[in-house]
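Each of the next two complexes has chain A plus one more chain, namely chain B in the first and chain C in the second.
This part shows the complex of A and B:
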């Protein structure tokens, strides 16, 4: 066996430095090397099968992992017992927990106090003031959906959670971003942490916070805040850095203190960009607040979660519609604040009276509504979409159910199954070496080392089999995503009409929380691995398409002209000029696509995709925190590997 | 007295009419900047230092004095270190070593608080790319320096309005910088600097980003303000015409070193080396050199009844007088006769301009010396005469240069 592995590692070693010297040039081609590594892996798999699967050539031994999980369970048990005694909890986590819980409840109660007409008037007026009447109409429509789906109260709870967690994220994120913007050293220190946080799939965030805050809204608020805070730090730092050096220098030369430079020059000039960061943070919070329903967050996410676990597509659709409207409305309103576009041009002298008038109107509406005994939107006055949607679902299932089922079965038998057994059936050390070699070939020595360690880590956590299962799903979904994304992206870059049609669709898709992608996937493919895979592909596709399109459109016109003047065909133009020159974008597209696929595949556990994601949910449900945490960490390991593998030799992140 | 500093010929410190004294100023960018100064690398080529230490020498052992009330122009091509130099004066860039004295106070010793005080009250800078705050109205931009000082709003607005009127932007108080043209934006930058009533104005290539016509307007504006306000100024430019027009004295910088410091006449009339000569070769000398530059003792038996003129008259205006009279022009300052300028002197001054190399110039000099008596036309002694006749006016000869 060892003899089989060595060439793999050897070819990997020789390649990057070109140290092979006299070797044929074919061996220097990365793709040839990668194919060789895969061939060795397959050979190893068959050899293991032939040998009857001896213990030394099997999956990762689980002894260490079991011990680790038992220890984590012990920690959890200790926490449960001591939650009300240990000073750490008594004086810190419990305070935070209670405080946050009450904050969410307070905001929720305040929204309830405003009554539905009050909230609607306030929301629509605010939207009009900052983003113009179109967005105001959109906001009105969103409130309409909340009301008519009978999910008004759930929507308000979700809104309260979002407000609380975004507030926390900004409270910490903006000062950190300012620091990172002003200090190079702090920026260097904080950047890898943010990078890491952004490749971590949402699901992996959940359990540690349960450990500290228990299950419920406080943990949900914290996890949402933590998940949502990298963009605001990053973008605030960027915004501060982008402030023209001349302005800062001029202010300094006039004797401004550092604080004056910050408040009078940097923050005012960075304001718009920072607001874009706030927008991104809000959008991440929306997606996380739905996922956090798994750890007991109430609201719309919970409604989807409940409906999905009962495979009630109709109910899931209703709640999904509400969350989609919430996401789009929040995006448009906060985006408009950042862009400053479409804001009604109110003369300065009218601004205060207008604000006062709006407040008076809101107060009046609230007062009248409360006098009339109106509270949240009455559940009885709702249009039940669930029944007709379910009917459509039945019809769709009857019509194409067999086809999708057959397609699903084929995918399972011929693609997912074999790949899964290749990864789980080969000796763990061979898989690890192959992964390290591939990362080395594509992204350099450091990436290879990290990848190898990530695999060993996943093994040590005791969830090797599930990790390999998840990996196989990710690989299949990623291959599909990248193939589709490149084709559609290229088409889009060729055809302006197609681009004009696709752009708003992609925009909308990118604002949706990942959770809702599961709903149509379940509608078409029922439950299992295949719908999770489909949801992952659809979810990861928009950014891939967009990056490919951007990359190709970014090729300078003079270069194209020169290539055309030398008689290139369109195909030659694409393959010899455009795609190579768009390499940076393509690499980034692959990287982002794969990271997004991973986060979605894990979430697919909710619709029966099994493996790591299932362990997270199962660990939560069965109070086996050890298993859940270990699986969460294994997801992080996989994320690390996939990110390093696709990072490329040039750092793709700007 | 040579215009070229001989290393040790550093001017005396703390002279009462000196505003800025810069002593052995170095600025080296890079990690171990200190490893250059004081070693034999100190005098090495910039490229060699870059190769060996990775450091970039921007300013190299520069010393000069700026006198109270004068406009001191630092001229050099891009990359010569002039912008770094002016930033070292107000510590927007920290010098690597050396001293900057403002009225005898070492700016390098100032703590953050004191440095802010100096920046708020004593010096103000005008920047090449204006450095205006786009989110503020013009009046708030102009009042910025007063605002950070803590001046109450009505007072600072009153002062800002005054400054805006002074630079001719009355009526634009409530516009935003983005709505103004480049020239107008730089007027705002000028007003902002003047608003704090600084002792010293620092100009960092303020007009380089402007169109030629606008640039000329702005130069005239500076000349006008200078005449009214008599501010001590340090002016950075890469444009020789601008330097000659605005400068009482000009320092020419190359590769981080001062090559020559002198009046416009000295720089044009007696370039320190081939580099400066090349630089000034396009200048029409008759518009820069003045009668004072050429004045000499009368030759024996020469007519002394020629027309009279001020020492500050440029040659272009002396020429017609000489054409009208065969006698040399008498140069008179306030009733005192400084000396004479004859046709030959002017011709030679113009001709030197046409000659590429010093040898040819020397040949001509030799010939004229032979024709005329005892070497009175030697340029060195001509300047000696000028020195004698100099009573502290702008025609003074150089003070310093760098050790080269």
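This part shows the complex of A and C:
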């Protein structure tokens, strides 16, 4: 099975290893090396304890970090005093916030002006025209959910926020992407910035933006736009690069100017792919809009946040359902535009009349609705899902609460506790060296160097102890996520019925805002690190399951047939053929799982996980820019390490 | 309104356009069937005028306290505990239904709310706990963007609480010396061989670590992270009669659902909480007050006069808070029920000439 073609599914930065070339001996070797590194770390920890923790073997000195935080706090103080005097604010930031705040309000008012029948007709018609009748029905269902959960107005506010912020993200993202697609140097320069932006936890974005743009919709729109903008840059650049060189060459040789090449050849050919980037951007915007409710953005996120602050799981579920429907509808519509699939086949000459007819219909509906005094959906006409959901929740809590609490205590005593003290109790340089060595073993020298620097960075930020505590939590949560994800993914790839059931559930879980997982986790696992861990695992599981399933299903049938005909048992088939051949997907799954777990660190602080996440939340709540930002950056450092550790060796292409 | 504007007055017509908002109910619709037409017209006018405003804005400097607002909208901060929400929702309900205002409730933490007042994004905080440092920064002595609106009638106490069943078993625990003997009771898996002190939400006022230090208590603070998760945890332990020691406050509706005992510490004296690392006293008693944006006070509209007149008691607040948190009523519904049943209480709050509307 040495030189079989790799499954097409897994791709991206988790490049495959040497296609299984070295076989088990190399693999064993790697793991032996890793075990040796861990053994050294443990020995170092015990040695430090035996020596009574001398100063040279302690945690990272905090002097630099303290100075950095004090400096940031100084910046904060300066901004508070000078917000209305400094030209930077008078002519830039204040403009952006006033302009954006108004844009959101205007869009919201426009949606309100259309009334609910108007919005529904417009949405469904648009969806039908660009994506076919199935998607149109889905959009109709989404509007139905908004109305029947009694969250029509909130949904419209969220929609307005998403429209405004996606517009800004695209306004800046597409030109930057085009530039990165055409210039290699620019691409190299911008890539680390995008990496950084994607690892930075969403919560850590909030603090600096509140400072610069104020509380409420303006800051929410900016922060959502910034958070959502990396994929559109990346994918636009990729799309431009993928335009066949021959086409560009042909156009150039016919005497096209660079501008003509761009607008007549590259952009039209790259259109489909760019639209997929737009789709990704919208999905990120949806998730950020919910988190932005913490800084005063209204809409569905606010509804969830408020329900959770009253421990009303049912109400939070209702609002979560509305978000899920919004996300799925937006995803299907923009995704269909990108794939160009299932568009109704309208003859050329009928297109204009059709468009006109649609507009007339919409205007007519709006006019009639307004004349009849219809506005938002009447709140009285709603289905109450909250009560039954709450009943189920309480029943589950009563049934399995004691067991889960005991399980939680056990995890703390035997897993989280020891790992935490190992990382915080060892000398900082030993931990850093161990991390660098591990990354080197698994992903090559470059990754090792980056990891070492990331650890030193976390130390320089002055939050070493908390960073190590967080790291221990992330490691445990990741291990659990990956183990569960692989098992469920393998089962799913074996059983089509299970896959059909699980797929929509995974879809919903991926779009459900992470807030929603917190309160049930507290009810079952009490306060502290364990519920945070559980919430993180649940949050990170869906993509892992999906990637494992995809990877295994992507193994070519002839290969399986060959293995079977040689008498492989099912277990052999799985461990010797399918899993190794799905290695690309598996690595990507591990990588994605870990990064998602990391992004839940801050959320975990809301249920008592402490450490870095708590400092971010605390910094935001108590206006301590220094502590909040330093902790956010330390999370990025950990993310860099974990990302490099799991990206796999970049094999020279065969 | 800006206090001083070197470039002359920013046209009021234009300023009135921004800031209508998110959670506003259509005012005209609530006023009855006769009103939709002006609403539509005004929306169009607003649209054009906002465009003009944007054009005007791009030609000159923008100060945050100039962020324009519609005089018909009151923008209230909504801090993260249910008692606050009860006050805010009742006030919002009266402002909407009786006085014809639109009300925007913006959910933020305590400190960011002050910042929002400073930036002119919000008009009022209806329940403020202390925060003298922020008053120094933003008040008349500092930026001059906020003013103290006087007490709102609620008296707040923060303190350390234990459930009644713990005190039944160990009566001495209700005072600091007895607590010191029994910190081992509160050990949990999370804190190992130290006792656990369950902290509040990160945004709340706290001096717990200073008290732990000053009284030499063998406790570790675990932050619940939000009011909701703290209450969930306390309720869970209460149901199982497990010991728990936690940060809590009054007025709080949970105080009536569970039997909680406040641990006695030496009383607060001025200055004893100056160093937050060493606080040898209890929390002070807070006379909760309202904080207004200076511009909101200067405009002196009926909405301000109403909020200025308003005061109510802890019992009244709890009545509404319990409906919201315990019975799971929609906050607006809870406010409606209270307002319908207590006309004699709130009618005096209305500014003169408004009582008969």
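Keep this in mind: the second predicted complex is superposed on the first by the 518 of 654 C-alpha atoms of A that agree within 3 Å, B and C clash if a C-alpha of one lies under 4 Å from a C-alpha of the other, contacts with A are read in each partner's own complex, and residues count from 1 in each chain.
By definition in this document, a contact is a pair of C-beta atoms (placed from the backbone, for glycine too) under 8 Å apart; a residue touches a chain by one contact, two chains touch by 3 or more.
As the structure is a prediction and not an experimental result, all values here were calculated from the model.
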| item | value |
| --- | --- |
| First, second, both or neither for A:113, with chain B first and chain C second | second |
| Chain B versus chain C as contact partner of A:299, first or second or both or neither | second |
| Chain B versus chain C as contact partner of A:388, first or second or both or neither | neither |
| Which of chain B and chain C A:252 touches, first, second, both or neither | first |
| Contact breadth on chain A, by residue count: chain C or chain B | C |
| Touching partner for A:408 - first (chain B), second (chain C), both, neither | second |
| Contacts of A:264 with chain B and chain C, given as first, second, both or neither | first |
| Overlapping contact positions on chain A, where the chain C interface meets the chain B interface | none |
| Touching residues (chain side chain A, partner chain C) in the complex | 80-81, 83-84, 87, 89-91, 94-95, 97-99, 101-102, 105-106, 108-109, 112-113, 153-154, 157, 210, 214-217, 293-296, 298-299, 302, 305-306, 308-312, 314-315, 370, 373, 375-376, 386, 390, 401, 408-409, 412-413, 417, 518-519, 522-523, 526-530, 605-610, 614, 617-618, 620-623 |
| Chain B - residues contacting chain A, complex | 90, 92, 116-121, 123-125, 127, 129-136, 144-145, 147-149, 189, 192, 196, 202 |
| Residues of chain C that touch chain A when the two form their complex | 17-23, 26, 29, 33, 36, 40, 43, 46-47, 50, 53-54, 57-58, 61-65, 67-68, 80-82, 85, 104, 106-113, 115-116, 118-119, 121-122, 137, 143, 188-190, 192, 198, 201-203, 222-233, 236, 324-325, 328, 331 |
| Chain B partner contacts - residues on chain A that touch it in the complex | 244, 246-247, 249-257, 260, 264-265, 268-269, 271 |
